[in-house]
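There are two complexes below, and they share subunit A, which is joined by subunit B in the first and by subunit C in the second.
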Partner chain A sequence: MKDSVTTTDSSLTISLSEKLTFEDHTNFRELLKLINNDIHRNCSIDLRGLEAIDSAGLGMLMIAFETAEKFGMSFNLYKPVGQVKRLLEISDFEKVMSIVS
Partner chain B sequence: MNDLNIIKKEKPEIPYSEDSDAIFNSKILVVDDSALIRELFGAYLTQAGYTDIQYAENGQHALDIIDENIPDLVILDLEMPIMGGFEVCRILKSNPETKHLPILIQSGRDTASDLTKAFSHGASDMVLKPIKRYEILARVKVHLENRILVSKLTDYHDRVASELEQARQIQLDICPSKHELKNYLQAYGLDIGWHYEPSSEIGGDIGGILPIDETRIAFYIADFSGHGVAAALNTFRLQTWLTSASELYSSPDELLTKLNSFLHNNLSSGSYATMLFFCLDIEKQELTYSAAGSQPPLLQGSDGSKEFELLSSKGMPLGLRPHWDYENIKFPFEKNTKILIYSDALVEVEVEENTYLGEEGLRKEVSDLWHEEKSTEDKISQLVANFHQRMDPDNSDDLTIICLENVNELRSS
Partner chain C sequence: MTDIANQTYQETESQTLNGLTPETSESTPFSEIPQEEISEKLGVEGQFQPSADVLKEVMENASDPELAHEFLNKWLGLSETQQKAMSIIINEIELVSELVETNVSDISHKFQELAKHSQNQSDQVSKLADAAQNVIYQGKSMDLSQIMNTIDGHLTSMIDKIVESSKHGVEVVYALDDVTKDVVKVENLIGEIEAINKQTNMLALNARIEAARAGTAGDGFAVVAHEVQELAKTINELAWTMREEVTSVVNGVRLGNTKIKEVANVDLTDNILVKDTIRELMDCILNQNNIYSDALHSSKETSQDITKDIYSVITRLQFQDRAKQRLENIVSTLQVMEESVTSFSTETRSTFETSLTGRTNEEDWFKAVIKDLTLGEMRGRFLKAVFGEEDAFTEETENTVPQSSSTDFEYDDDSIELF
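Right after this comes the complex of A and B.
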């Protein structure tokens, strides 16, 4: 997984690329610390560059959502594609969080 | 050779550690045709604290001693009568019992070709004569420490491998046996094919068949996130929960709703299971199922000439949300109707570079394969063979395939 973070006064955008898998667990925990604060009101995970995700990666996205929810932030997954999009669909994630297509 | 004269009593050179006793009690075999050299080595080693030293005066004598009791280290001269050091090396390295035995060559031969030959014959290390006390003691210590470390790692590996093998057997025991599958054919008129293989010793996939009564039978497939021991332990957790929830087998939606709450309370955050749970009513010829984000099942209706179709498997994976309501889907399951359920590994394989089989690819493959005049078992074996041809051995995953066909004319006969 590669990641980049951009922020404005109210928004936090985390862009993920390549693959999000079990091996990225530690790095993803670091990214969660960015959500885990009172600075931003909106959080978006940009998935346009993410090519693949495994079961652990899917779990991490749910943890990111729950972290944002805990801090009262709005949250969305931005433009997932391919296998990532298919897995989010099959898992009914759009019933829990906003997925921008 | 006045080295013997300078030997004086002193404390052992190795600082005490939990391995110190093991090092000092290691068996060392000194092989040299010169009695004086053997005595010199013995004196060095004894003074340093080593307690178990044996001596041999030629290669054959050394092999006889090793045959009786394999030492932990051999200090070996090269040029000896009857059998030289190179031949001893060759024999020890060709024997599985002794091939890992460290051999420390001590020799006056110091040309590049001598050194190359010694190592190519399997020597672990080489010291040149004249023997220097501190050098030989340092090297003996290093090789014994390595031997003890490797022995510990090997013991640990063997113990873990043995425990994993037992766990694997327990996991395989959850899968129905061929005998049980035959019983289901007689009792319910169902031809069931089953394949399960974990990617490592044990895996995070689980499937099972749960008879309800004379006319109803439930079955399921589940896949826990992650692989290996943690995922496998969760499969046992699931199986235990299911055993105590038999009143829910005929209501797949309710079962998933309650199982979701159980897993959410018990799994670590972000962990989950995908699952399909089915209840088949033979009398009504109706299949009811509920899905939690598993792979879409493949169904071929009673008209066997048509292709398989993909059914919905949408649903929140179990354990991710505290409360979730799952829904039932029903469809007819008449004579000749077949359903194939499988774990994601089966479709997440490359058929060509950067192109994955996917559900649609599997659907076509299964449609073609099920037109052939083969038994269900043979067809599943073919799917497994295709999978093994395509799978990336560095990135393997647990594989489960279950196929169930209504062949009810057998029941009435």
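Right after this comes the complex of A and C.
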């Protein structure tokens, strides 16, 4: 997994690319620390560049959502594509969190 | 056949009237003989009225009484033959009526059975169509869409649990990572305790050395230094024990962390994607089932149409009642005619007593009558009724039946009898 983070005064955007699997759990925890604060009001995870995800990756996205929710941040997954989009649809993620198509 | 029959009839009439009109052409039918000619031959004027008084008058006033007598005798013979012919025609009509009634009744019965079978078939197809749409599961009827929704619900629940398990797996890994880090801190703290204890032990050793140098005055201090040294030794043992225990905990945590990572690392995306596969398969089953259902419904409607058509045919078969009534009316009319002819013959015979025998040879006329009868068995009954026997005459008449007549029927006599 590769990531890049952009911030504005109120928004945090984390862009992920390549693959998000269990192997990335340590790096992903560093990204969770960015959410785990009271600085930003909005958090968006940009999935346009993410090509694939496994079940642990889905679990990590769910942890990111719950972390943001815990701190009262609005949260969304931004434009998932391909296999990532299909897995999010089958798993009914849109019933839990906002997914921007 | 009609032309042949007419021709035969004309020839027969000509032969019958030969005595009356010897000079008339053989091909001239009776109906075409002028009334004046008949009146002239009979010696009477005006329209011929065959009543007893008129016949008597004819006999009395005829210019040629012998000729009139012969004509009257022939006419009486013809009348007797016609009585017999009408009688057998009445019998034949009654026979036909009974035959039609029996067969139409049989046909109607068969059609009713057919309608029942068709209705049963329609009901069975209807049940089959319903069964194709519904499945009995745990005593409850469920249609396929409900089954699909149930399966979809179970799959969704399973996928929720997979995602939830994956999330917890990662959270446990994070927690164990934290524990591992904390345990390392504890190990470090134990190391610090050991270092402090080592310094304490060194200090106690130095204190004992200094106490020994001080002599007797240092004895008390030496005891304290010894106690401190023993305390440091005890602390060192305790620290060692703690290190062993912590090391054991660390090993357990690290093993647990490794195992949970192995579990969390299992990719369950294929299990999630199974939902897609099952949904596609169910769509195929549903689609195929719809095709079967449509075919079964169509078959059911066709069966219902057939049943309706059969009942319509049964209704139409009731024409037989009307036909029977008409035949009964015809029979009644023929009976009246037969009675009239019989009455007239009796009256004529009574009027002229024994001078008229009525026994004339009407075989030619009767041959013409039965010539076109295509059923040999029917022809036999006619001959038996008129002449009291059938075989000899049957052979003769069969030979005289024109071969072409069979071509005018859809079925020839043998075919009908076989049928």
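General remarks:
Note that the second predicted complex is superposed on the first by the 101 of 101 C-alpha atoms of A that agree within 3 Å, B and C clash if a C-alpha of one lies under 4 Å from a C-alpha of the other, contacts with A are read in each partner's own complex, and residues count from 1 in each chain.
Here is the rule we use: a contact is a pair of C-beta atoms (placed from the backbone, for glycine too) under 8 Å apart; a residue touches a chain by one contact, two chains touch by 3 or more.
These numbers come from a predicted model, not from an experiment.
Aligning the two structures on subunit A places subunit B and subunit C in clashing positions. Measured by the number of subunit A residues touched, the leading partner among subunit B and subunit C is C.
Contacts of A:A56 after superposition on the shared chain: both subunit B and subunit C are touched. Of the two partner chains, subunit C is the only one touched by A:R29; subunit B is not. Of the two partner chains placed by the overlay, subunit B and subunit C both lie in contact with A:S91.
The residues of subunit A shared by its contacts with subunit B and with subunit C are 22, 55-56, 58-60, 62-63, 66, 83, 90-92. The residues of subunit A lying in touch with subunit C in their complex are 21-23, 25-26, 29, 53-56, 58-60, 62-63, 66, 83, 86-87, 90-92.
Residue ranges of subunit A in contact with subunit B, taken from their complex: 22, 55-56, 58-60, 62-63, 66, 83, 89-93, 95-96.
Subunit B contributes residues 223-226, 269-272, 274, 293, 296, 313-317, 320-321, 356 to its touches with subunit A in the complex. Considering their complex, residues 156, 159-160, 162-171, 173-174, 177, 261, 264-269, 271-273, 275-276 of subunit C touch subunit A.
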